[in-house]
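This is the structure I want to talk about, given as structure tokens.
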């Protein structure tokens, strides 16, 4: 029925099957939309946030998807600026994933503010010294870049591409994509960094506070670095999942291997920096503010904020995947690779979780308790909403756009057209 | 032609914790003065709006060595380094500001769009979010103070040192042809209400004012007090607050510091 | 990227284009849309969305200003605490208007509807500031010696009223006069100077 | 020209371009944001002229001066009155919340009559007419004494008007609600021969020994006590507080000595023992100005040696001796008693023991001591003319037995009323008026109180609020709130000097309410002659003005007048001395500590009430502001938290915040626990003032009324309510 | 209402921030403008080419 829209040389499931898949995800999406409407009309009292937890699940989700969406800028950087040409076979997908991540991040930010109707004040009455302003500006601009990068992909749809203007536009945009990618990398560097800066500058919060370089705390650089390390891991992770879901090989091993190797190096170097940072923070910064490392970790057995979380982030989800990715023999084993990228993705998520939520849970005043928080269903639903939206957008894109250039070659259609 | 009146003031407080009885008058005075709404259930203090909150501190020792102390906590009006208090520089929309002429950290509800970054920045939890529409029980909206605007849902609010009282006091002075205020002409609602006289308010820059005499801020050490019984909350963080607390009990002074962590409650 | 496929589609599209004819009508439609939305935006919406309200009583400043002894201060004055009285209350009006002093229908209506019933007149005040603004008349009139007309216009002499001021108007003057440039953020006035 | 998809697209693009060039989207964006800044459902208080009304707070007997801030005709806030001798600008949280009571949604809008279990609005004349008719019937049946009146105060013109109405009607049954005042004035009467208010010059004392008195938790005049405590400390005064619980007073004291509850009187005698034994008493006072010292010496000497007292109180003997030495060694020591805020009169012997302690150190009628503050004498109305019915009625014994041979010293014994009602087959009270009191919530053993009240055929409530007692009434004749009325305030509770205050209306009455005094006058008028004849005044305001006479001008201006020349007079006993012993004292039974009701085996713990200034007790319920200030360790959602020691909690397997079932011989209630080291093991402490069933949603249904769980305990010496706790059991829920 | 009323300051922070921001935005804007104009040009050219060649 929709065969005219499906790219040439590839096979897609039946429209019925596809419709069911979209419907399932659509239902989840609608659930999220319902929660979103509740929040818009009734206010943020629909969440379980408190005055101690001003930032909660959403901000974590925001930081996490942006970190993971970092695959787009970093792969773009590698492909267009550094000239790692093999990566052209995965760049489309990296861009798509980035687009999903960033649009989700913006959506979540729009829910998260108490006065969405005047959220534009952040642009209009901007305080340029606020990390959040930098985040908002760069995020929006970079989302523009991702849109620019995604548009030619849409225009390459078989039917759209028949329109000469679209065809030429796509062609021209591809032509100067390096320029856009470079601008995107510039913007990404700053907003990934400012997200790190968000907690790093909070000198009233010794858990998050870091010293740094000029106006940038060390977390500024760590966030950019970790996004560059874990973003590609997420690209590989989603690619693998897509391959599992479609039952097809979509990207050649050498491409994945190259990206995994680079990600491994990035992760390894990031971990070195992160460990130094953690040590410096624990040994110098925090004590100068009257804290010891263990003040930041709850002594309660079974606590969500025990020291285990630091061990998990650095060793299990940092050093371990870095090692796995750096050893060619290991990373070439598909299962090990998958495990490694999964851990790296978890590591980035855990890092953002800790920097946002544990920062607020840990009391600063000696007479205040550890604060607890558990998200309300509305928060969960609106956080899952982008996931459903991402699945739908990826499914649509996969079905109708030539996302994977290597797919026809890897999956020749019998009696091909 | 800077029409600002004379020298820079640095309004601040001295709260004598030995005098404070934890009666709660300051909280009520603040609520009544500043149109802070009340909700049916106010027992979750982290969902409750209170510009002034009285904490109960314990020395953590077993019966009968246990001791308690009450600590009223308004906005600390941190000066940080040169006015860069923890919350001010983080606000993306310039809804909060530090005024060098008064030392007051402002919060403008109509500019705020509710990102809550300042709440995350403030270690004292003085910044609170309007999770709900402000609602007054039927008829009680008649006691709203027109000098303080009612804050809408979805924004952050906090203690302003009753800035409107400064404006009112200045109006009176202007009417009498004066630019400068006498000590005591501008008082916060909590200071005025405290039946124990535990709260003093005034200009820390003016050595004639009681607050300056008692707090004895040392400008060379970011306002650290020279009074051995005085301390400020979380001084080591460099927040440079303008609320000085007095206590003759060492454990109380320590509790205000970051170094002593309370053993966690199960 | 380029492949023969694209060439084929492009020529196919070209063929299609020919059938539709030239771009003339498209530009026409573009202009139509442009014009329509400009009319909607500049004329229609302001006409429908924004409306003028009539004062409950047609009050003439000019007439009153001639009759009173003390100019504006006769009705608008500073209270002992330095606050400004603003629009007069009924109690003040009654001092002269216990009974109608003329056969002016407005005055008669005022006496009948408000004075006799003891109701305050719900004047519509152009210069009324929103709840979040603290405006000190004392600071402006007494300290800075600014004339009433500077902000209110020659309202005492006419019935025409100056449109209300927006924050930018305040800001302009404050920036010029550097009223209280104590803000760390902006090195200009802090918001608290006017807002609460 | 064909209108196809592309033309449409062009049109849309053109439209979009045009819109961006028009002010529409920009103006709309701006307008929307302005709309969010002025949401119509966010109230905007109208501006206006700010004025202040000087008045006196009448929400408690504290007599603090207040300044009511108004904007036009709205009351904005109540502030303390600077320069007032009692509170000098300070104010307690309840006083601050008075405006919330004024604008409370629980106010009764006009006279109500209960019809078939529901409320029917009636006119004042019909309500007063109906009530007068029923009262006349009682008079006709020659049982005027079956009318009773319960009020929180027995002083001032309003109380006098009520008493006068009862007198000319023929009933002796005017009953003041119980309070520490009962015991203190009896102690003064017995030892000094004066009917006076006990004032405590805390401010000038240098060593205050508090036997559980919640000096900063509502005891006496809160506005004064808090200020006096600071003033006292400023000149180096110290406070030692004796309390089983680390109350706020204990926490703020210089020294806290936990004690086995109920043994405070024994400790006082123990201290006296040491003081006498070591000869630390002020000889010049004891020798020169007291009588019966030898008898007291004997009393304290026998059985109150430190070791014996230590056993009883749980305070070791060395501490007792040391405490006695520091107390007697201070220049101006002052001992005070009365647990918590002094809601419960307590045992007379205990009050006497503490009073003797003051006498030993000479702290009677001197700066820094206990001062007998005489009743102001400005109410000099002519004796009313009484007819035979009235005279006969007035000769009947009081229903509460106060002044009878059983309780000769007591003037009012409201605690006995429920029993008196319950024991009779037909209710001896045929008509009950309740003004400025809420006994159904405030008396110990509320179930019995409510049951007894249900027997009364006519209950008339003069409450401004729909409180628990009003809810039980047959008529509600709503009175003005504290900010709407005139009221003379003859003294400030516990203040060491006479201060006459005037409460002035800050605002015209908002609702169809009347002054209680006017209700009395109009009721009298409706009862016709001879009752009406005793009330020559047109209205209450006229009566007050006339009564206050020359002071009126000063009172309306400043809000108070002080007797600058006041100095405490001498003793008015037969011996003109302070009497440790006299014939009346001799009649008192031997000193014994009151035990808590209940069986120790089934109820291993002790439940004790505590007071806090953040909860109103008595005639008014806590307004929303107060409820908001409650700590999270007091109330969690609708559950009250009871305080227990970690060792108590450990034994019961309870953790912080855990739900538990608290049972006493009186009843059971679901509570949660707050584990704190600030309480003696084996004790359970619960705040007074919660557990309302009436009032607004901010108060009703929150927590438990401790009076549901405790039982009345009668002091054998006086008949006063002397309960301080009850045996209890706590179990995991 | 306008940022220039109050919060705008001509200082290093604003210059660096807005400088960087507008630099990036101009590149994006100019890049897209170029692409669109070029695409229009290419479209017209290829159409003309189609005519000329008489292909199909």
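First chain written, first letter: the chains are A, B, C, D and E, and each begins at residue 1.
The rule is simple: a contact is a pair of C-beta atoms (placed from the backbone, for glycine too) under 8 Å apart; a residue touches a chain by one contact, two chains touch by 3 or more.
Quick caveat, the model's predicted, so the values are computed rather than measured.
> Determine the groups of chains connected by touching when subunit A is not counted.
Leaving out subunit A yields one piece.
> Comparing A-D against B-C, which pair counts more contacting C-beta pairs?
B-C
> Pick the chain whose C-alpha centre of mass, unweighted, sits closest to the average of all protein C-alpha coordinates shown.
Located nearest the centre of all protein C-alpha atoms is chain B.
> Per the centroid of Cα atoms for each chain, what is the distance between subunit D and subunit E, given in Å?
For subunit D versus subunit E, the centre distance works out to 76 Å.
> Cα centroid separation between subunit A and subunit E, in whole Å?
Those two chain centres are 27 Å apart.
> Using the average of all C-alpha atoms in each chain as its centre, how far is it in Å between subunit A and subunit B?
40
> As a quick test, compute the distance in whole Å between the mean CA positions of subunit C and subunit D.
54
> Where in subunit A do residues touch two or more other chains at once?
115, 118, 121, 125-127, 129, 133, 164, 171
> Going by the contact rule already set, what residues in subunit D reach two or more other chains?
Those would be 36-37, 44-45, 47.
> Pull out every residue in subunit C that's touching 2 or more other chains.
Each of 10, 12, 14, 17, 81, 83, 130-132, 183, 185-186, 191 in subunit C touches at least two other chains.
> Where on subunit E does subunit A make contact in their complex?
Going through subunit E, the ones touching subunit A are 3, 7, 13-14, 17-18, 20-21, 24-25, 27-28, 31-32, 34-36, 38-40, 42-43, 46-47.
> Provide the residue numbers of subunit A that touch subunit D in the complex, in ascending order.
Residues 115, 117-118, 120-121 of subunit A touch subunit D in their complex.
> Across the complex, what residues on subunit A touch subunit E?
My answer: residues 124-129, 133-134, 137-138, 141, 144-145, 148, 164-166, 168-169, 171-173, 175-176, 179-180, 183, 186-187, 190.
> Within the complex, which stretch of subunit E touches subunit C?
Its residues touching subunit C are 1-2, 5-9, 11, 46-47, 50, 55-56.
> Hey, which residues of subunit B end up touching subunit C in the complex?
1-4, 8, 82-84, 88-89, 94-95, 97-102, 104, 106, 108-111, 146-150, 160, 163-164, 167-168, 170-177, 179
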